[in-house]
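Heads up: the structure comes next, in structure tokens.
Labels for the chains are A, B and C, by order of writing; each one numbers its residues from 1.
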Amino acid sequence: MHRRLEPHAACGSADRRTSWTYPRKLLTLPPPPLRPPTPTRSPDADQKRAARGATRPGDRVFLGLSRGSGIFLLVIMAAIAVFLTYRSVIAISKDESNFLTTLEWNPTAAEPSFGIAVLVYGTIVSSIIAMVIAVPIAVGIALFITHYAPRKLGGPLSYVIDLLAAVPSIVYGLWGALVLAPQLIGLYGWLDDYFGWTGILDWQGGAPRSLFTVGVLLAIMILPIITSVSREVFRQAPQMHQEAALALGATRWEVIRMSVLPFGRSGVISASMLGLGRALGETMAVATVLSPSFEINASLLDPGGGTFAQNIASKFSEASEMGRDALIASGLVLFVITLLVNGAARMIIARRAEYSGANA
Amino acid sequence: MAKRIDISGLNAYYGSFRAIEDISMAIEPRSVTAFIGPSGCGKSTFLRTLNRMHEVTPGGRVEGKVMLDDENLYGAGIDPVSVRREVGMVFQRPNPFPTMSVYDNVAAGLRLNGNYKKSELSDIVEKSLKGANLWNEVKDRLNKPGSGLSGGQQQRLCIARAIAVEPKVLLMDEPCSALDPISTLAIEDLIGELKERFTIVIVTHNMQQAARVSDRTAFFNLSAVGQPGKLIEIDDTERIFSNPSVQATEDYISGRFG
Amino acid sequence: MSQITDAPRRSSLQGATLPKWTPWAIAAGSVALGLGISAAAGLDSKIQWGLMAAVFFVIASYGVAARVEGPRQAKDRVATSLVWVAFLLAVVPLVSLIWVTVKRGVKVLDGYFLTHSMGLITDTEPGGGIYHAILGTLEQVAIATVISVPIGVLTAIYLVEYGRGRLAKAVTFFVDVMTGIPSIVAGLFVLSFWIIILDMGYSGFAGSMALTILMLPVIVRSTEEMLKLVPNELREASLALGVPKWRTIMKVVLPTSIGGITTGVMLAIARITGETAPVLLLVWGSSFINTNPFEDPQASLPMYIYLQYANSGGSGAAYDRAWAAALTLIAFVMILNLAARGIARWKAPKTGR
């Protein structure tokens, strides 16, 4: 006969250590419950006020200071938008041709005529090249660090990648112009030989200071940001789903494909958008590497073209007041584009946070 | 189809810490063997050495022999991936792939292991879901995400996923500890049916459950915290719960410690 | 797949496995093949033979594994090798960049270079130094830091300790937006209101303002994260003793997280020190020493690099100076980074693991 059989409620938690470790979540604490002050002085409001304890002078001063700083930040953002728009309106109203489609940049002429078509093209093309190169490599490195590298190597490796991000962009520019570009001549020749017929990869043999080289350099520069965000997402992929895949007899790659990549997809997308934001606004690296011209080339390998940021940096020193306003107008367009891209990235991240929070 | 497991001289480590020491036992085919014992005694670790999942844990390392019929799982040239196909596993918390539908979850293991025709695949999925007593509940929602099911259904989905690849042995690591009593009952019934086809090993903290579902029971213990866990005894369940040969087992079962 | 794979298999468990040295052997073979083809075709670009070797490596891994181990293992190996290749591809430019900068930077980098300005030396002549640029950079960065640290930290305190409701949400959102502002746009903004509308003239301070805009969101973000790490129990313990909230923040919350905040500030400094574009628009540049950041154009280290490069007309002396300045800049930024991470590790909250 069975003797007293009792479920053992006491056992349980310690044993989990041996089965798997859950991803450690950041300890996020909700801020202490505080309400914004209510303007009407009802007894209810008084009670709240008392409960909040912000009646001491020290508290009031401190709250005022910190809230003031927050408001100051909003004021700066508003000021950026207002001043840029103001100068842009002045510039565009004097523009004799269509600001969006014109293929020249002559703000100082008697009849100012300038447009951003070339800049839009150059910015988008160089960023696309950068993304096509950087995203797969960054995902590869992130996987390498989280799932492939020996554990002892993972830490130092992420560190090295972070150092890549710390190198100032002007140094990338110098390196890109004097080291990377000459190295690409061979590749250019090869691309021209085999893919020249496409037109896009046609090469006349000029110096390799083209949008393609810019794209390669931008790829190297945005690699760290994409890598570090993807790495964090992959690291959080639930261990239990990876174990489920393993227990079904999946190889390491199959585990990643079944449980890590689906989990990290939105994270990788938003990381890429953040990288794209960087690539769109990068100035000095493009200004040093590209040999600019105000025209749209079908070929990516021939020098020429320009980007928003590069155009501002290189035209600025010789610009008159009208010229500066025209550059500010183009800067406003760049500002709006990066806002949209970054906003989209943030939204994806936020939605993902909610999703994973609900599942936790 | 079900296979016998013979373990001899098995030690498992986390880094330099020895989690279980010198375990030898035999697990009979087509039967249910339950592992019981206090927390931290290495039951789960031991279970995970049986399909080479232990070495997935950073620092995890195993010494000794685990014979699946006449093959040593830790022998030279053995592919851990193939081992895990032969020895399936069900985890403590139900873990269906959240991005896959019910159907795809069950088919996940099959898709890894070869090219099946669509009709073949559907047949196996249906058979596995029926085998897991889940078919009637999900047959109308096969294309819905697996994470939308209740906890007990999810766990049976995981069992269906595990048996779809026709393993020889099925390991269950506290499969009911995250479930309510009714779902637990459903799983226990299922275990009773599955033992006709598979060798089943189950870790449980619930001794009533061990008594209800298992044919043989192994009791693990550790002499002190920080010491490796050991096998105290293994015997027919009936005997362990009525007349164990070791005093510690009796103390544990009668609730005097643990 | 083929008969060969099935024949030697003793059992279902025993997958044929390639010996451990296989990847290395394939890698060596690929590099040799890449070099060989390059030599035969007379290519001298290292990038090319590197790319070729990488491609050979991936293809050969797949081929060998598919023959011996089966298609699934082959895919696994390809994924592994692709991931390795991705990693190597990222390391190559970093190593090259550091190597070239050091090699070419040390040529003219000496005491004289660090303690003299360009003065009347033209860009194509040898000689001169970066003293004026270092001075300008230090002053501009210092001013930007002095403005943005208090504002940034206070904003973070507002968001974490007080922030509820619409204002806090708006601030959070716009801090995110600010993080993404291209540096040249920040420069244009200061240009439009400070120089064009207020007619103030180019100066180090104008540059500092743009740098402040770039620095603020970074400081707010990192400080916010650090404040959130302070356990609520600490705050409650202090409040329960009757300590006013603001003193709790000053005496308990900030001291607990000061290590992390310092790290964030140093990383932010490291980031803006290398900013070139806004400085180019607002500080204008000068080859003389100007100690007053509030009046007249100044120089700055990153801008110096750009001007030496852009105005050199291919002169070796100017390139040498550009590299030496780049080396100085990288050294400065890296030291800041290392120190910041050192502090972070040293002051890290104990997690009890």
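The rule is simple: a residue touches a chain if its C-beta (ideal position, glycine included) is under 8 Å from a C-beta of that chain, and two chains touch if they have at least 3 such contacts.
Not measured: the values here are computed from a predicted model.
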### Query
Chain with the smallest distance from its CA centroid to the overall CA centroid?
A
### Summary
Set A-B beside A-C; more C-beta pairs touch across A-C
### Query
Which chain has its C-alpha centre farthest away from the C-alpha centre of chain B?
C
### Task
Report, in whole Å, the distance between the mean C-alpha point of chain B and the mean C-alpha point of chain C.
48
### Query
Taking each chain's centre as the mean of its CA atoms, how far is chain A from chain B in angstrom?
45
### Task
Please compute the C-alpha centroid of chain A, do the same for chain C, then give the distance between them in whole Å.
13
### Junction residues of chain C, two or more chains touched
72-73
### Query
Which residue numbers or ranges of chain A touch two or more of the other chains?
251, 254
### Query
Got the chain B residues that touch at least 2 other chains?
81-83, 112
#### Entry: Of chain C, residues touching chain A in the complex
43-48, 51, 72-73, 75-76, 78-80, 82-87, 89-91, 93-94, 96-97, 100-101, 150-152, 154-155, 157-165, 167-168, 170-171, 173-186, 188-189, 191-193, 196-197, 213, 216, 220, 228-232, 235, 244-247, 249, 270-271, 273-277, 280-281, 302, 305-306, 309-310, 319, 322-323, 326, 329-330, 333-334, 337, 341, 351
#### Entry: chain A-facing residues of chain B, complex
14, 19, 38-40, 42-45, 48, 51, 53, 56-58, 81-85, 88-89, 91-93, 95-99, 108-109, 112-113, 147, 158, 161-162, 165, 173-174, 177, 205-208, 211, 241-242, 253-255, 258
### Message
Per the contact definition, I'd like the list of chain A residues that touch chain C in the complex.
### Response
24, 26-36, 53-54, 56, 58-59, 61-63, 65-74, 76-77, 79-80, 83-84, 86-87, 136-141, 143-144, 148-149, 157, 159-164, 166-175, 177-180, 183-187, 190, 220, 223, 227, 251-254, 256, 274, 277, 280-284, 287-288, 308-309, 312-313, 316-317, 321, 324-325, 327-328, 331, 334-335, 338-339, 341-343, 346
### Contact set on chain A toward chain B in their complex
1-8, 10-20, 151, 238, 240-241, 243-251, 254, 258-259, 262-263, 359
